[in-house]
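The following block contains the structure, expressed as C-alpha cells.
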Amino acid sequence: MSEIVRRDGRKIDELRPITMKIGILDKADGSAYIEQGNTKVLVAVYGPREVHPRHLGLPETAIVRCRYHMAPFSTRERKSPMPTRREVELSKIIKEALANAIMLNLYPRTTIDIFVEVLQADGGTRCAGITAASLALADAGIPMVDLVTACAVGKWNGKIIVDLTGEEDEECEADMPVALMPNLEKVTLIQLNGRLTSDEFLEAFNLAVKACKLIGELQKATLRNYYEKIKEEVYEQ
Amino acid sequence: MSSRLIVPELTKRRVRELASQRRRIDKRGLTEFRPVTIERSVIPQADGSALVHIGHTKAIAGVKIDLGQPYPDMPNAGVLAVNVELMPLASPTFEPGPPDERAVEVARIVDRTIREGKMLDLEELVIMPGREVYLIFVDAYLVDHDGNMIDACVLASIAALLDATMREAIVSEGKAKLIDEREPLPIRHYPLTATICRISDTLIVDPTLEEEETAEARITIGFDEEDRICMMQHSIGTLRYGELYQAINISREAVSRLREDLRKVFPDAR
Amino acid sequence: MSEIVRRDGRKIDELRPITMKIGILDKADGSAYIEQGNTKVLVAVYGPREVHPRHLGLPETAIVRCRYHMAPFSTRERKSPMPTRREVELSKIIKEALANAIMLNLYPRTTIDIFVEVLQADGGTRCAGITAASLALADAGIPMVDLVTACAVGKWNGKIIVDLTGEEDEECEADMPVALMPNLEKVTLIQLNGRLTSDEFLEAFNLAVKACKLIGELQKATLRNYYEKIKEEVYEQ
Amino acid sequence: MSSRLIVPELTKRRVRELASQRRRIDKRGLTEFRPVTIERSVIPQADGSALVHIGHTKAIAGVKIDLGQPYPDMPNAGVLAVNVELMPLASPTFEPGPPDERAVEVARIVDRTIREGKMLDLEELVIMPGREVYLIFVDAYLVDHDGNMIDACVLASIAALLDATMREAIVSEGKAKLIDEREPLPIRHYPLTATICRISDTLIVDPTLEEEETAEARITIGFDEEDRICMMQHSIGTLRYGELYQAINISREAVSRLREDLRKVFPDAR
Amino acid sequence: MSEIVRRDGRKIDELRPITMKIGILDKADGSAYIEQGNTKVLVAVYGPREVHPRHLGLPETAIVRCRYHMAPFSTRERKSPMPTRREVELSKIIKEALANAIMLNLYPRTTIDIFVEVLQADGGTRCAGITAASLALADAGIPMVDLVTACAVGKWNGKIIVDLTGEEDEECEADMPVALMPNLEKVTLIQLNGRLTSDEFLEAFNLAVKACKLIGELQKATLRNYYEKIKEEVYEQ
Amino acid sequence: MSSRLIVPELTKRRVRELASQRRRIDKRGLTEFRPVTIERSVIPQADGSALVHIGHTKAIAGVKIDLGQPYPDMPNAGVLAVNVELMPLASPTFEPGPPDERAVEVARIVDRTIREGKMLDLEELVIMPGREVYLIFVDAYLVDHDGNMIDACVLASIAALLDATMREAIVSEGKAKLIDEREPLPIRHYPLTATICRISDTLIVDPTLEEEETAEARITIGFDEEDRICMMQHSIGTLRYGELYQAINISREAVSRLREDLRKVFPDAR
C-alpha cells in the first residue's frame, strides 16, 4: 500500500511536512500558524468577548463566529479580496467543526471570533485552518472537550491518498476533508467532492482517522513545547 | 436574520422523547421521506423547471440556457451556475437581501451534487472551444420551509435539469446563434441526496422543521444511480464513526426510493 | 367595440383567463397564488408581527413593508437575482396600493410584510401581484376596508385595450396599471407609461374600472370557496 | 433613514385647517406654483446643465454625453441613463449612501417622463447600429428639499437636456470618435410634470414640504407640449375617481404655466 | 518671482478669482458655496444633532462626520456616483482638518455632519471645500477656535506655484494641499503628492501660508457682509 | 467598528507624563524606530512578498503580476493597484468587511508613496501600447497592530516589490503571453516613510499603539534615496509651523536609518 506513487514522491499515506507555531500574534487572545507542505495558514482567536450588536448574544451559551479568508496573493491567480461563495461556505463549516469542541455554556452572552487567514494555498487549507484554530483556541485559554484535528483524503489516479496538494486536488477523482476529535472519536466535519464507492469511502475515512491521529500528536507536542517555554520564561523572571 | 426561536422548547422535548423510542412526531418510519410530489414544466418560459413538495416543504427551480464565454481556465467546458435563494415568503426567519451563509451552503451543495455527480457532460456544451459555450443557469428557490431545504432544493434542481431542453446552436461567420430547434441536455448521471439527522441517538431521514431544529447532528449524502457516494456535507453537530457508516446506508436506501419518485415523472431517468 | 383584434384572439376589453388560489403556503400567515394568462405570481404575508430593528415601529400604527421580486427564470432573458430599480420602485408602489386598504391603526408597533414573487412574467405582474396580495392579506386575517383589485389597461395599435400581455406591453403606445378599492370607488395605484390624450385616458380608466370589478368578483368567489372548504374541514373533524 | 418627524403636528393641523378653507399656508392660489427660476449652463464642464428653484426647493441636473455600445436588445437606439440623488445636504432626513426607494422612484419618474414623453429621438443617436451609439447620462441632484422634489428633479433634468449640446462623431477605420464641433440634441418633445396633493379634500399643486407631509394623497402627472398625458405616478394615498379627473385638469394648466417659465430660458422650447 | 508664466496668465503666486456665498440653503443648519476659478463646491452643515445609531455618540464631546463627494457631472469624464477610494480618503482628511477647529466639548453626545459636494472640479476641490465648510460651520452657529482656510500649492514646470488648476495639477511635479488656522498659525491638513526638496518644501509652504491669509481675509469679509445683511433684515422687520 | 477604548486612560496619562520629560514608555529614544525585521519571499507562490515586524506590529505584503489592458487615459503605462486590509486578526477593533476609511487612507498612502516616489518605471511595463501592459497588484495586510500601521504597510509593500520578479512577455500573432523566464521589476527609486507623533509637545517617531492613541498630532513623511520629500500625510491633530519643519528633519533621519535595515535584505537597494 505504501510504495511511492505521487508527483512529489510521497507514499499514498504520507503526510507533507508540518510545522506549527503558537502565540505568534501580540494583540490576539490566541493565535497559531501552520505550514503543511506549501500551505500556510494564520489563525487568530478573539474572545470570549462581548457581542456587538448585543441582541446577537445568547442567554445560555457563547456564540462562535468564524471567517475563513484567502489573501489575494495566496493563490496562483490573484484572488479578489471580496469573499467568494466558497469562502462563505467554508467559514460556516469551519465554525461548526470547532464550535462542537468548545465548552460554550461556560461563557453565556459572549462571542468567540475565529479568523482563519490563508497566506499560501496549496491544498488542504480548510483542514490546516481547523488544526491551527484548535491550537489558537487553546492559546486563548478556551476550554475544549478535545482538540480538533483535520486532514483531507481523496482518490487520485485510482488510489486513496492522504493530504492532497493543490495539484492533486485539481486532478483527483474525489476529495474528502475530514475533521475529528481524535480522543472522543467523533467527526466534526466531513465533506465529499467527487465520487467514491462505499468501500473506497471506508478506506479513505480510515486513512483520514490515521492521519488525524498523527496530526493530533503534533498538536499536542507543539502545545507542550509552548507551555514549557512559557513556564521557563516565568521562572526566569 | 431573526434570532427568534420558531420551534418551542416543549415541541423539541417531545421530538426528543419520541426519537428515543424510535418514533417520529408525524408517525413516519425513521428512514421514510414525507410524501414527495414532483411537477415538471411549471414555468414554460424557462428552458426547464420543476416544483417539488417534500411534505409541506416546497422548492421551485428554473433552468435558463444561454450562449457565452467559457471560464478562461476551462475553455473546453460549458458553464454551470447554480443559485439558491431562501425566499422570504418561505419562513418567518428568512429576510430579503443577498443570500446568507445558509443559502450559500445550500447553493454549494446543489452545485457540487450536479457537478461532482457528473450529471451533465459539460464538454458536450462547447460550441467553439475557448470562445462560445452554453451557459446553464440553475436557480432554485425555497418557497415554503418545513425542514430539509437541502434535499428539496437538490431535487427541484435535478428535476428542472431533466425537464430542460436547449435550443440548438448554429455557427455562421464565426458567430454562434441559437435557433428554434430544441434538444435535450447531455445528461450522464442522476445524482440525488438524502439528509439524515440524529435525535436522541436515533438517525432519521428527511427531517421536518421541528426535527431539524431539535437535531444534534445533520449530514447530507448524495448518490448517483450506481450507488456511488457523490456528495457529502456534514452541516450540524458531531457524528460517531459508526453513526457515519450507518448514515451512509440509510441515505443510500432513501435515495433509491426517492429515485422511484423521480422516475415516475421522468421515465428515462435512471 | 369588441371585435377580435388582438394577437391572442382576445377582444379589446377581454381579460385573460384568471386562476386564484388561497392558503397554499404552510409557513406564511397568509398566501395566495394567481395565474393571469401566462403571468404567475406567488404572494405571502407575514404579520402583524414585531418590527426588527425595533425603532422602525410606529407608536400608533402598523407599518407595511413590501418586496416585489422577479425570479431569475421568470423572464425571457435570465434576470439577475439582484433587485433592479424597477423592482425597488414597484415594491414601494405596491406597498402604497395595499397599505391604504389595511386598518393599520389596529396593530400599532407591528409590521405587515408582503412578499410578491413573480414566477413567470408575461405582462401585468404588478397588478396580478396586488390582486393576489389582497387575498393573502385576507388569508392572514388582516382587516381591510375593501379588497384591492388591479388590472392594467393600455393603448395598443391605436386602440384602448385591457390586460396587456408582455408582447402587447412591449409594442404598446401606452400602458396604465390601475389598482382600485372597487366598493369604495377609490384609486390606490395609477401609473402611466406612454402617451394618452385626455379622452383616451378616460376611456382607458373606465375600462380599468370595469376590469377591476370583474376581477373583484373573482377574488370574492375565491375567498368564499376557500372559507367554505375550511368550514367543511372543521366540521369534518 | 431617520424617522424623526420634521413637520410638527401643530403645523400639519394648521395646513389642514387652511386647506379646508381652500387656503394655503404661504397664501398661494391652490393651483399656483411657487416662484420658479431656471438657470442654464451652471456647470460649463458638463455637456448641459441647469439649476432650478421652485420656492426654496432646489435641484441641479447635469448631462454628460459619451460614446458606447447600445443595449443588445435595442441596437438602433442611443442609451439614456437617468440617475437621481437626494443629496444629504438637502434635508436632515436624507442620508449618504446608495439611492433609497424615494430616490429610485424619482429617478424612474424622470426617466419615464423623458423616455415615454419622447423628448429625445434615440434613433438619431446611433452612429453604428449595434456597435456605437451616444450615451446620454442625466444626473439630477436635489440640493434643498422644501417639498415637491419630483417636479424639481424633472424640471432640472428637462432644462439640462435642452441646454445640452453633443460633440459630433466621426467614423474612421470602423471606430467612432468625438470631435470638437458641437450640435444640439435631437429634441422632439417637451414633457413637464406637475404634482398635486389632496389636503382636507382640497387639491393643491406644487406642495411645500409642510403640505406634502400633511397630504392625504399625491399624484404627479406629465404632459407634453400638445397636452397629451405622458406620465402618471400616484405615490401617496387614495383618490376618488372624480378627484383623479380633477387632478388631470389642474396639472395640465399648471404644466402649461410652467412651460412659460421654461420658454423664457429656452426660447425654442415649445 | 511674479512674472507671468502660467497657462491661464496668472503669476506664480496669484490666486484664481474667488467668490463665496453663505446661507444659500434653506434646510441645512449652515451652508456655503465657493467658486475658485472653475472649481465650484457646495457645503452644508447639519448639527449639532442627535447621533444615529446612538452608541456612536461620545459622552464628553461631539463627533464630526464628513462626506466629500463629487457630482457625476463635475468631472471631464462622467464620474460614477459610487464613492471612490479617493473620496473616502478626502472625507476623512477634511473631517480631521475641520474637527480640530470646532469646540467639540460644548456638544457632548451629538454629531456635526458636514457635506461637501463638488459641483465642478478644476483643481483644489478639497481646499475649496474646507474653506467653504468653515463658513458653513460659522453659518450654523458652531463655535470655532479659528476659521480654517485652505489652498493648494505645487511645483509645476520647475516653479513653485499657488492654487493649481486641474490642468496644472495633472502636469505638475508636486501638489501640496494645505489647510491652516491662520490666526493660531497651526496646520490642520497637509498632504504631498509628488517630490520636493526640503528647500522647495519651505518655499511652497510659505506660499501656502500667504495664500491662506488672503483667503482668510475673504472669508472674514464674506461673513461680515452676511451678518450685516441679516442685521438689516432684522431691523427692517 | 467597535468604539471601545483599547488603551486605558491611566496608560495614556503615563505616556504623556513621560513624553513631557522627553522619555518613552518602552525606553526608546525619541527618534528611534522599534526593532525592525524584514523577511523576504515568505510567500513563494506570489511574484514577490515580504513580512515585516516593527516591534510587535506586523504586516505582510504580496505582489502578483499579470497581463491586461492599460487605463484608457494612460495607454503608455503599466497598471499599479494597491490594496491594504486591516485584518480582523490584527486587533480587537478591526472587523471583517470591506476596507473602512482607515484602511483606505493607508492604501492611498502606500499607493502614493510608490507612485509619486517614482519607485517603478511604469512605462517600462508596457508590452503593446494601449492594449497590453503588466498589471502590478500589491496587497498589504496588517497582521498584528501595535501602532504605526502606516510605516509597516509601506515598508512591507516596498520590500515585496523589491523582492518581486516578473515573467517575461512574448508577443505572437498580436497576443501577449507570459513565459517562464523571469526578470526584476524596473525599480527606479526607493521611497520609504516615517511617522511622527506629537505627545505633550514632544515629537517622537514610530509610535506604539499606546503612543498613537495618546498622540495630539500625527504626520507621515516619505523620502526617496536622494532625501527628496515624496509623500506627506497629516492624519491627526494640528501642527505648529515650526513643528512641521522639525518633523521633516526627524523623519528624514529615521527614514535613512530604516533604509539601512532594508539594504541588509536587499543589498542592491539604495
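For reference, chains read A, B, C, D, E and F in written order, and residue numbers begin at 1 within each chain.
One rule holds in what follows: a contact is a pair of C-beta atoms (placed from the backbone, for glycine too) under 8 Å apart; a residue touches a chain by one contact, two chains touch by 3 or more.
Owing to the predicted nature of the structure, the values given are computational and were not obtained by experimental measurement.
Chemist: Please state, in steps, how far chain E lies from chain D along the shortest route of touching chains.
Modeler: So the least number of steps between the two chains is 1.
Chemist: Upon omission of chain B, how do the remaining chains partition into touching groups?
Modeler: one piece
Chemist: Give me the chains shared as neighbours by chain C and chain D.
Modeler: Of all the chains present, none is in contact with both chain C and chain D.
Chemist: Report the chain whose CA-based centre is farthest from the CA-based centre of chain E.
Modeler: B
Chemist: Report the inter-chain centroid distance for chain B and chain D in whole angstrom, where each centroid is the mean of the CA atoms.
Modeler: About 48 Å, centre to centre.
Chemist: Take the average of all CA coordinates in chain C, do the same for chain F, and state the distance between these two points in whole angstrom.
Modeler: 58
Chemist: Quick check: how many Å separate the C-alpha centres of chain A and chain E?
Modeler: 51
Chemist: With centres defined as the mean C-alpha position, give me the chain A-chain F separation in Å.
Modeler: The mean C-alpha positions of chain A and chain F differ by 31 Å.
Chemist: With chains as vertices joined when they touch, what's the shape: line, ring, star, complete or other?
Modeler: ring
Chemist: Follow the ring of contacts from chain A, passing to chain F on the first step, and record the chains in turn.
Modeler: In ring order from chain A, with chain F immediately after, the list is A, F, E, D, C, B.
Chemist: For a test of understanding, state which residues of chain E touch chain D in their complex under the given definition.
Modeler: Against chain D, the touching part of chain E is residues 25-28, 31, 38, 40, 42-44, 46, 49, 52, 67, 69, 71-78, 81-82, 113, 115, 117, 119-122.
Chemist: Along chain F, where are the residues that touch chain E in the complex?
Modeler: Within the complex, chain F touches chain E at residues 3, 101-102, 104-105, 107-108, 112, 116-118, 219, 224, 227-241, 244-245, 248, 252.
Chemist: Considering the complex alone, what residue numbers of chain E touch chain F?
Modeler: My answer: residues 55-56, 58, 85-86, 88-89, 91-93, 96, 100, 174, 176, 181, 184-198, 201-202, 205, 209.
Chemist: For chain F, which residues count as touching chain A in their complex?
Modeler: 2, 42-46, 49, 56, 58, 60, 62-64, 66, 83, 85, 87-92, 96, 98, 137, 139, 141, 143-146
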